[in-house]
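Which chain is which? They are A, B and C, in the order written, and residues in each are numbered from 1.
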C-alpha cells in the first residue's frame, strides 16, 4: 500500500510537472499579452511529433529532443508573426475562434504529414531502466528524468521572473500593460518572445513525453483542457499559481484514479465501488476546480490588474 | 420589419420546398443533411441567447446537446420512447446542469468564464464516457426512434425534416419574444454595461443565470433531435470541438441577431459536408476558413448582408 | 428628523494612499450639498463608496436612517440612491429611450417577464420620454445612445438618474466636458430639481457651485476640512489657504 502510494505519488508529480510546462506558457501568454490561445495544446503535439521525427532521422532520442526544442520555438515565432499578432486588439471571442481554427488546422496537418496512427519512440538504453527508490520499490529512470527536467525548468523560470530585467517586465506586464510600454520596451518584441517561449515550453513537454505515450493527432486537446483547469485554479497570469495548481491537479487526478475505487470499497460493494470510482475519477479535478472557484473566483493566486 | 426578421422569413420560405427539390434532383439524401443543419441551427440559436445577447462566451455548450441526446438514448434503452417523457426529462436535466454549473461559472468574467464553461463541458463528457452501461466511450445505438403519443414523427426523412423545421421556427419565435421582453432588455443591458445596470438597480447574476438555463434547455431539445437523426448517442456530441464549432456558427453567422446563427449553422454544416466529400482532411481548409473569416470579416453573414460594419 | 444621507467616519486607502480619511457629513432632505476639492482629493472615490461600487475600509453610510454600508450597488439603487458617473457610463448599443426606460423598469414590477414586448409598455416609455425631456433630450428618443454627442451623453446620464425617482442623487461632475449651452441647460435642470430631492454634487465650476449649493463641504487629501453655507465657506480662512486661495491667486 505504501509502495503504491509512493509510486502513484511520483506519477502524479511527474504528470503535474508536465502540466506545468504547458501551463506556464499559456498563463504568461494570457497574463502578459491578454490572448487566449486554444492552439497551445497543439504546440505540445507539434513538439511530440518533432521529437519523433528527429529521433527517426538522427537515430537517437536525446539528439531528437535537442533538435525538436529549437524548432518548436521557431514554429511558435512564425505562428505569432503570421497570425497571433493580429489578435492583440481583438476581443477574446475572436481570439477563441481564430486559435480554435488554428488548432483544427494543426491537428489535421499532423494527420496529413504523419497519418493517424500513433508514432512511438524507443528510449536510449541508458534511460530505459529503473532504479530503487524505496525498499523494494523501483521507478523508471526516464520518468524521474522528466520530473527533474520539469522542476529544473520551473526553477529557471522562477529565477528569470524574479531576478532578471525581462522577468520584471513580465511581472509588470501581467498587472499593468500600459506601464510596460511606458518603460520604453518594444512591446511587440516582448510579445513575440513570450509567445515563442510558451510554444517552446509546450513543445519541450510534448517532446519529453513521446517515449512514454507516443505521438498521435489530437493528443494536445486533453492536455489543453487540463491546462485550462490548472491556470484557472492557479489564477490566470500567475506562474506560481500555475506551478502549485499543476502539481495539485497532477496528484489529485493520478491518486484519484488509483485510490478512489479503493477508498470507495470501504463504503460500498466492490462492483459498485469500481463503477462509481471509474465515473468519479476523471471528474475529480473538475470538482476540485469548481470547489476552489466557489471560494476564490479568481483562483488561488489572483493577479492584480 | 427589421432586416433580421425579413431575412429569417426568406430563409424559411426557401427551406420549405427544399425536400421536394432534392428528390426532383434525385438527391433525397440532401434532405437528411439539411435536417442535420437545422438541428444545429436550433443549438446555435440557443447559444446566441447567452453569447450574442448576454455576452457570455460559453465554451461548454455541447454538453447540453449531449444531455439531450443521452436523455433520449438512456430512456429509449429502458423502453421509454415517448417524447412526452423524453423532452421533459431532457429539459429538466439540462436546466439542472445549467443552474449548478452556471451558478459557479457566472461568478467569473471574461476568459475565466470561457475556461470554466469549457472545463464543465469536459466534465459532462467524461461523465458520459464512463457510463459503461450506456456504451461508455463508444456510445450506443438508439434503441428505438422517439415517438409522440404513439405517433412516429421521425419515421421518414421528410417528416423528420418538417418536424425539425417547425421546431426551429417555434424556437426562433420564442427567442425573438424573449429577447424583446423585459427580461431580454435587462439581459442586453448587462451585455452593454454591467456597472450601469447595477447603478440603476439590477443585479445581473439572476438574469444571466436564467438566460444560461434557458439556453441550455433549448440546446437539449436539439440533442434529442440529434440522437434520433444519427440513431446513435455518443460522448463525442459533447466534445469541446463541438462547442467551438457552435461558437463559430453563431459568430460567423452574426451574433445577437437570431437570424445570423441559423444561417451560420446551415452554412457551417453544409460546407462541412461538402468539404468532407472532397477530402478526408476537410478540417484543414475548414480551420483555415474559420481563421480567415474571423480575421477579415466583421459582423458575420448577416453583417455582410447589411453591407456595413 | 433623520437626514436623507449620513456618512460617518468613512475611511478608504489605496495601499499607502489614504483617499478617504474619516469623512463624516449629513445631507438633509431636499438639500443640495456640494463637495469641492482639488484634483485627486478623493471626491470620485467618495461617490464610489456611497453608491456601493467600492467598499470602504471603515465607517458607515445611512440612507434615510438605514445602514446601507453592506448593501450592493443594485440594492442601494433600489432603495433610492442614484448616481451619475464622472466618466460617462451608458448602454451604448441601446437607444436613448431604452436606456431610460430600463431605469423605469427597474423600479416598476418584476423584470422576469419573458414574452410581452417591452417596447410596447407605454407606462415605461411615457415615463422615460418624460425624463428625457426633463434632461433636455426631447427628440433624441430613438437615437442610439452611442451616437449621442458628449454633452448629450451627460444629459442622458441625468435622465437615467431622474427616471429612477431617487431620494438621493449623486452627481459626479455632471458638467465636465459639456459645451457652454449644454452646461447652462444642465445647471437649469439641477436648479429645478433643488428641494425636490437631496443632491450630492461634485463640480469644479466654482461659480455654479456657489450659486446652487445649500451647503458645501471641502475635501482635501481625503479629509473634509470644512462644511458650511457658501458664504461661510467663502470666508473660511483654512479653505482659502488650502484651496480657494490658489484658484483665486492663479
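One rule holds in what follows: contacts are C-beta pairs under 8 Å (C-beta built on N, C-alpha and C of every residue); 3 or more make two chains touch, one makes a residue touch a chain.
For reference, the UniProt names are A = Amino acid/amide ABC transporter membrane protein 1 (HAAT family); B = Amino acid/amide ABC transporter membrane protein 2 (HAAT family); C = Amino acid/amide ABC transporter ATP-binding protein 1 (HAAT family).
Bear in mind the structure is a predicted one, so any value in this text is a computation, not a measurement.
Engineer: Looking only at which chains touch which, which shape fits best: line, ring, star, complete or other?
Structural biologist: Chain contacts: open path, no cycle.
Engineer: By Cα centroids, which chain is closest to the centre of the whole protein?
Structural biologist: Smallest centre-to-centre distance to the global C-alpha mean: chain B.
Engineer: Measuring centre to centre with C-alpha atoms, which chain is farthest from chain B?
Structural biologist: That would be chain C.
Engineer: Can you give the whole-Å distance between the Cα centres of chain A and chain C?
Structural biologist: So the centre of chain A lies 50 Å away from the centre of chain C.
Engineer: With chain centres defined as C-alpha means, what is the inter-centre distance between chain B and chain C in Å?
Structural biologist: Once rounded, the distance between the two centres reads 44 Å.
Engineer: Express in whole angstrom the distance between the two chain centres, defined as the mean CA positions of chain A and chain B.
Structural biologist: Taking the mean C-alpha position of each chain, the two centres sit 31 Å apart.
Engineer: Show which residues of chain B lie in contact with chain A when the two form their complex.
Structural biologist: On the chain B side, the touching residues are 51, 57, 59, 101, 104, 107-108, 110-112, 114-116, 118-120, 122-123, 126-127, 129-132, 240-241, 244, 247-248, 251-252, 281, 283-284, 286-291, 294-295.
Engineer: Touching chain B in the complex: which residues of chain C?
Structural biologist: Per the stated touch rule, the residues are 51-53, 72-75, 77-78, 82-83, 85, 89-94, 98, 101-103, 105-107, 110-119, 121, 160, 164.
Engineer: If you look only at chain B, which of its residues touch chain C in the complex?
Structural biologist: Touch residues, chain B against chain C: 177-178, 180-186, 188-189, 191-193, 195-203, 206-207, 210.
Engineer: Which of the residues in chain A end up touching chain B in this complex?
Structural biologist: Listed in rising order, the residues are 30, 36, 38, 83, 86, 92-94, 96-98, 100-105, 107-109, 111-112, 221, 225, 228-229, 231-232, 236, 275, 278-279, 282-283, 286-287, 289-290, 293-294, 297-298.
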